[in-house]
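The following pair of complexes shares a single chain, chain A, combined with chain B in the former and chain C in the latter.
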Partner chain A sequence: MLRALKLEPERCTGCLQCEMACSFENEQLFNPSKSRIKVFNFHDDGRFAPYTCTQCAEAWCLHSCPVEAIVINARTGAKEVLEDICVGCKVCTIACPFGTVNYNHDTGKVQKCDLCGGQPACAEACPTGAITYVDIDQTGLDRMRAHAQRSLGASA
Partner chain B sequence: MKHLIIGAGPSGVIAAETLRKLQPEASVTIVGDEPEPPYSRMALPYLLIGKIGEEGTYLRKDAGHFDGLRIDVRRDRVTGVDTAARKVQLAGGGALPYDRLLIATGSRPVSPPIPGMDLSGIYPCWTLADARHIARGAVPGAKVVLMGAGFIGCIILEALAKRGVDLTVVEMADRMVPRMMDNIAGNLIKKWCEAKGVHVHTSAKVVAIEPGTGGRQFAVRLDSGTVLAADLIISATGVRSNVEFLQGSDIRIDHGILIDRQMRTSNPDVYAAGDVAQGLDFSTGEYSVQAIQPTAADHGQLAARNMAGRREAIHRGSVNMNVLDTLGLISSSFGLWMGAKDGDSAELCDPGRYRYLNLQFEDDVLVGATSLGLTEHVGVLRGLIQTRTRLRGWKERLQEDPTRVMEAYLGSTQAVGFNAGLI
Partner chain C sequence: MGWTRNVMRVNLTAGTIKREPLNMDWASQYLGQRGLASKYLVEEIDPKVDPLSPENKLIFTTGPLTGTMASTGGRYSVVTKGPLTGAIACSNSGGFMGAELKNAGWDMIICEGKSPKPVYLYVENDHAELMDASGIWGKSIWDADHILHARHQDPLIRIAAVGRAAEQGCLFSAIVNDLHRAAGRSGVGTVMASKNVKALVVRGTKGVGNIKDPKAFMQAVNAGKKVLADNAVTGQGLPKYGTQVLMNVINEIGAMPTRNMREVQFEGASKISGEAMHEVRASDGRANLVTNAACFGCTIACGRISVIDKNHYTIVNKPQYWGASGGLEYEAAWALGSDTGVSDLEALTYANFLCNEDGLDPITLGSTIAAAMELYETGLITREHTGGLELKFGSAEALTKLTELTCRGEGFGRDIGLGSKRLCEKYGRPELSMSVKGLEFPAYDPRGIQGMGLAYATSNRGACHLRGYTVASEVLGIPVKTDPLVTDGKAELVKAFQDATSVVDSTGLCVFTTFAWTLNDIQPQIAAACEGDWSLEKLLEMGERIWNMERMFNNAAGFTAKDDTLPGRLLSEAAQTGPAKGKANDLHKMLPEYYRVRGWTPEGEPLQATRTRLGL
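The block that comes next holds the complex of A and B.
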């Protein structure tokens, strides 16, 4: 059974431990600006929303890559960037309609969530259960994707 | 079923792979006229700076990829199409029959009508062969004149500067990347390039190229009277769809090949995709040649689905968009970045830090955007445009702070606040 990140903004307290964990896991740095998951701050409402790649079926990033540097990990279902192959052209960063592929100035390559190979550090670090790694049919992703599908879907 | 694809660029390759997936028994052939395996022109600048080797430009890295999928990739050039007999003529002799034909012949650089353009040593940067020529001439200290500061000119500009040449750019418009960047952004890019040591002439025309003196190969004469000495000239003054081989056929052509929303040309057995196709633009509702990678990929996949009989695959239109890295200053633009009629906008401009974000709205829907110096989450601009998300109160907040696009997207579409039923 494929698993996916389940993000529940209503449980998020904005502590940013997920960003620290992601940055440390992937970049060996405690630097939230290098994190692939981001907590967005809705300070007018006193709310927070963690957000990262949903590993969407459409895989806009993968299809837009000119050099086949983004591939599907068959075991986790994650769309992964192959750093050796990525040339840093950034086309995927504008193609991803969720804004979850970003360019890393230090490496000259793009980066995105790869589910840490099946053990997402953000979910392990989250103290309030706002980020959990669960069976894919429990994530509510269908609902999130349905929105994207309405207009984006039929163009590919 | 015999599927024949002319053109081995991204559109043709994606179409071939999609056809194979949908029709395991069909015959799928690609005819391309370059000697290398299918490769990406977009990757050429990265070849020039040595970030990758030639094989790093290949669209598919596994040497057995096409054979494994039983996709026959042939090197030849199609010289004509006989739609009545359903076959194409090959330059190498003979003809190939088809049941469904996809034209994905892309585009090629135009050579401006300037005296001296026929001198040897002037190259476009379009093919691997061009890149090899440029790599030989663009050595540290060489004087290089780049004609054209459009998208292609600017991605080469970065590669040339990194090779340590003494670079001068000549652009006819009043700013850099005029078809992708507005006046503010295009001039900030110019200022940035100048600060990095590149000489930039905007609102300038090359009027003649003459043999040089004093050991230089060329003298490039501008309309202002300035004469630039050059060892190497690179021409990036625009591209044009490759449609000449269709002359005399029943396939209708305007700027590119006219296609419908199923990627079909005026002949029912013939489809077109990518830079050669004049397809539906999501934002304008008109048909235009976009000549960008994501559109080529969309077109190729949609064309293949229709060629395989999946008539439900209707093109909803592609959002015109581009991203560019000019010596480390990253810019992007989307959709109606120049604004919509009766629309309004939000803008953040910090020229001292080379940061700029301009959002264009129609009612409370984002329809276009330009960004400069901001790279985080820019894709969401495309998402908001293409989903036509009603921003409601978020529009006002974006007008106060345009950088909050990601929050606007989440707040409008996800289980946050109002959407979670919590407010």
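The block that comes next holds the complex of A and C.
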């Protein structure tokens, strides 16, 4: 079963455990500035939102890459950057409508979420369930259940 | 290793900045943050130095776990000699500044001397520079934050700053980072402003590594996170109600200091409680509380984000206060509320916003206003002094107006800015200051919680709950329940809490973890991250060493056993209601025993044998 990261901003407290887990997994350092998932703080509204690559089916980054350094991992569905091939031209960072591919000047390559090969560290680290890794075809299941419950006037 | 091993030394007088290696001998004895920076301070300054002179130093310090994934590992402290007390001051803050500083590659910043003109310190990884602060001097912390973000065109910089109160010499000014997290107590912001430093601006992208055993570290971190999640206080109570979970609990046991500590229960407590912050207001259909929020790396997330009712008289036509911002924590709610007799939740939230906006310690502010209200009642302070303001207990208008004036250093706000000790001396009734060594009490009345009386009397930074929180044992039963109304065994209990807290404050972790964690949960995280022997025994000995070192600094600064006391009110005026009815604090039964278990002389001086044992 393919899975996807499901992000629920209303559960996020802005603790950045996900950013540290991501950078530790990929850089062996606790370094939010190198994280592929980012948490945004909309201060005056009192709201937080984690955001990362949604692994588009028709991935702009993949199609735009002139050297075919971005490939699909058939097992996870993730669009992964092949560091050996990436030339750091940054065209993918322009092509991505969501800003989730970014250049890393330390390596001279781009970096993006690769779902950690099927065990996303961010989801494991999140203390509130704001980031979960669920059936890619059922990301709306919880929301549907909540609405169904409301329409019935049922209790959980 | 945990440490970056880099110390930044900023000579403000000369305008120079140098890197020096962290003293690893000291690090092996004092670990980091509170312990290690206090060691630097006591080695580098004369204990008798005037806290607001260039000869005092101001140290920003992280711990070895700051910036790591250890839950709550985002803390930093500011260590200096405090202007309110004349004692050693260590003030701890969360938010995101500590981790940013560590990510920039620094364990510590030592500021010495005094800049000839207002400056701010800009740090971007290895690059550090003193920059002209003329455009932000005279501005509030919130305005300065906005201006600095615009000037540097970088949304990711982190800012810690002082407000107008500090510039105007208010003695209990805080250093506020990330708009509403604060190194709040004992006037560390006043020291910063006295050095003509308006702000610390940091951007760190180097990451925090050098973990001795990464695999063992992540195992210990994950085990610790699970303990916090499974505990009723850290897993449920604090996320839902914040520290305000305590308001109704402490009121019920008769330990809620009320109206300048004349009473021990507040009739308005439920109206200003954590539960009340969840209630939907009839006026605008919203609750005071918008959400809970975490500091860096924290899996508890006790922070309160609140919104004031736009129709409330305090903020009509003031759109700068219409957005969500840092809401009431228990200490602020108590000091601004019950101690002044004010039960208007919106007014308290507004006063709290002001404390964040201009950097005031809300505990000292509320207590000083409460003392002024009692002086007003006695007729020693009149409307002539206050500019026409009626300082009656329970007056939300008096509270909010005085807070505004204190923030700006205007009118009677200048007198409030002295703190309660100097205010009460000025108006001829020094005994009405509810303070120890010049620092005002926090929210636990020592008549209803006897051990806290001893903890306050002996705290190295003056009356403070964060130096030995025996409330945990006496009220909440953590780690074991003791009777809050008896004094037996409290000397040992206070010592144990003081030593353990000295350890926690030296790690980079938050002391609130200890609602669930003991040192048994913390030790594996330290041992896996840091080089050297970090057994439980060594950590406990280190905690005791830190406590004694701070004590010896204070003794050398001129404090004696006479200063280990409480105001007469708490020693002789019995509680009139609640479970502690008829009881005052029996400090005299605990203090000699405390000196004995500490290995101190009856005059409160560490014995030579104690000093030798601890390597002091």
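Going forward, the second predicted complex is superposed on the first by the 139 of 156 C-alpha atoms of A that agree within 3 Å, B and C clash if a C-alpha of one lies under 4 Å from a C-alpha of the other, contacts with A are read in each partner's own complex, and residues count from 1 in each chain.
We take it that a residue touches a chain if its C-beta (ideal position, glycine included) is under 8 Å from a C-beta of that chain, and two chains touch if they have at least 3 such contacts.
Predicted model only: the values in this text are computed from it and were never measured.
> Would you check which partner chain A:Gln138 touches, where first means chain B only, second means chain C only, and both and neither mean what they say?
After superposition on chain A, A:Gln138 lies in contact with neither partner.
> Using the superposition on chain A described above, determine whether A:Arg47 touches chain B (first), chain C (second), both, or neither.
After superposing on A, A:Arg47 lies in contact with both chain B and chain C.
> A:Glu68 contacts which: chain B (first), chain C (second), both, neither?
first
> When the two structures are laid over each other on chain A, which of chain B and chain C touches more residues of chain A?
Tallying touched residues of chain A, the top partner is B.
> Have a look at where A:Gln119 lands relative to chain B and chain C in the superposition and call it first, second, both or neither.
A:Gln119 contacts neither chain B nor chain C.
> Figure out whether A:Leu29 sits in contact with chain B (first) or chain C (second), or with both, or with neither.
Touch partner of A:Leu29: chain C, not chain B.
> Using the touch definition from the top, say if A:Thr93 reaches chain B (first), chain C (second), both or neither.
First partner only, chain B.
> Taking the two structures together, which residues of chain A meet both chain B and chain C?
In the superposed arrangement, which is not itself an observed complex, chain A uses residues 45, 47 for both chain B and chain C.
> Please name which positions on chain A make contact with chain C in the complex.
13-17, 20-21, 23-24, 27-34, 43-48, 125, 127-128
> For the complex, give me every residue of chain B touching chain A.
Residues 10, 14, 40, 42-43, 46, 51-52, 56-61, 282, 293-294, 297-298, 301-302, 313-318, 321-323, 325, 328, 330, 332, 334, 375-383, 386-388, 405-407, 409-411, 413-417, 420, 422-423 of chain B touch chain A in their complex.
> Over in the complex, which chain C residues touch chain A? Could you list them?
67-69, 71, 96, 99, 103, 156, 179, 204-209, 214, 218, 225, 229, 239, 290-299, 301, 303, 305-307, 323-325
> Which positions of chain A touch chain B when the two form their complex?
For chain A paired with chain B, touching residues are 8-10, 38, 40-42, 45, 47, 49, 51, 60, 63-64, 66-68, 85, 87-103, 105, 108, 140, 144, 147-148, 150-152, 154-156.
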